[in-house]
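Worksheet: one structure, shown below.
Labels for the chains are A, B, C and D, by order of writing; each one numbers its residues from 1.
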Amino acid sequence: MMASSRANLEFLKRYFARDVFAESCGIELVEASNGTATAVVRIEERHLNGIGIVHGGLLFTLADMAFAAAAHTRGHVSVSVSSTISYIKAGRGKTLLAKAREIARNRRLATYAVDLVDETGEVIAAFQGLAYVKNDPLPDLGE
Amino acid sequence: MMASSRANLEFLKRYFARDVFAESCGIELVEASNGTATAVVRIEERHLNGIGIVHGGLLFTLADMAFAAAAHTRGHVSVSVSSTISYIKAGRGKTLLAKAREIARNRRLATYAVDLVDETGEVIAAFQGLAYVKNDPLPDLGE
Amino acid sequence: MMASSRANLEFLKRYFARDVFAESCGIELVEASNGTATAVVRIEERHLNGIGIVHGGLLFTLADMAFAAAAHTRGHVSVSVSSTISYIKAGRGKTLLAKAREIARNRRLATYAVDLVDETGEVIAAFQGLAYVKNDPLPDLGE
Amino acid sequence: MMASSRANLEFLKRYFARDVFAESCGIELVEASNGTATAVVRIEERHLNGIGIVHGGLLFTLADMAFAAAAHTRGHVSVSVSSTISYIKAGRGKTLLAKAREIARNRRLATYAVDLVDETGEVIAAFQGLAYVKNDPLPDLGE
């Protein structure tokens, strides 16, 4: 599947910079191409839950960014249909990465798996997302 | 199933007040008893995604609070194992509620369904969470 | 949402009678209208697993029939995208029913929840299915 | 994690031979060790659905066998808690394999991913299962 020339990392960083919630969580997109993407967050006090480990909602939001970016590398606007997250071990790292890869994609539906890993490479949670692919190509963001 | 006398709304509000991430998202617990719970958030600009609707990560975090509180009404500490969220329609409301109810619960595992509704009562997303129940009773939070 | 006049129980029974696997499992469609459907199976020795309770694969197949029939009541061909089943208690009943209801439906995607209940009305498993709706109307099955 | 000496392929084949439903579907366990397992089925007319492709219920049952066998390689009895299947492409192969691998496992909960592939190696569906691990070691099956 050909990605449009627009769907590169620079474009996608600008595209997802409009995602105010992810931005306010401190989440940053660092890689995106050909069905894969990586997002990163540096863990702060405000990301923790009541028992002092990284909150599931922050993990979900981090994974969702990688999922969305990976889906958009194919050059079309898509929307999330459903997602599942499974927690594997307590997140205590200083930096967490979400690494998304394409599992399946047809004209309308695309599935991505996202591994959430800490700075030692240990997987702390696994996410899977299903996206619905629209006809709309990625928009022109101007200069 | 008997809830411990400790697992009431006032206790659970104090217990979940320690959840820094949910707190920083503006999420508040407003009801919790006998396997049910409700959490609420007033939608602000910072909760939106790149296309101007409520971010899936905020919806997930809201649902997760109601799920966790409902699970803790039974008087034992529990941890989330996995959760699924399905998006039904774009969230454009001013106030969103997450309403959790118990689907099944045995000594070790408990499943909760959470409806995410806007102020008109319309369901915008459906969440399901599985919790692992520990032996630990709810802690003493002091005065 | 208008169901086509074709999508009634008699039509859907004939349509799903072509489902050889469900048929060979002894599964029968008994109700289908307006986004709901019920399928039934009388439990036999051959439906059990190694520990003498109803096999998860049979429960899944029963739920899948109710899900598919409910989705087809809307008058369009649809295909299953993904499904989740959660086991609540051991199935030991003599007759099991799968009761599907519509959770959400738009032009392309539709979600159904299916309760699997025994003859006492107890829920033994919960199923959720996502269908992709095609443009194709239900076919003409002739006389 | 040490597997008990009992949890080898010969033992597990005898253990799962008691699974009448899988047996009646023609499903066979062909590999199992150290958190992985493979089950196989030769596709027959009776495995198809109404549109002539492999029935989701058969795919699910095939994946469930590989999942259960992989979970039991660790030497303890376990039971399935929940499973999700996502359909990737229509199954039209003559022989289908389910290949399970361990994603995460702690003392009580274990997650397995299962790829369903046809004889050309193409993935037609992806399954994920969560098992609850009991204290019980695998039983003595006698001679």
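Just so it is clear, contacts are C-beta pairs under 8 Å (C-beta built on N, C-alpha and C of every residue); 3 or more make two chains touch, one makes a residue touch a chain.
From a predicted model like this one, the values you see are computed outputs, not experimental measurements.
Identification of common neighbours of subunit B and subunit C yields A, D. Of all chains, the one whose mean C-alpha position sits at the greatest distance from that of subunit B is D. The distance from the centre of subunit A to the centre of subunit B, with each centre set as the mean of the Cα atoms, comes to 23 Å.
A separation of 34 Å divides the Cα centre of subunit B from that of subunit D.
Along subunit A, residues 81-82, 84, 86, 130 each make contact with two or more other chains.
By the touch rule above, subunit C contacts subunit D in their complex via residues 15-16, 18-22, 24-25, 45-51, 55-58, 60-61, 64, 79-87. Subunit D contributes residues 84, 86, 88-89, 103-104, 106, 111, 123, 126, 128, 130 to its touches with subunit A in the complex. Residues 81-82, 84, 108-109, 130, 132 of subunit B are the ones that touch subunit D when the two sit in their complex.
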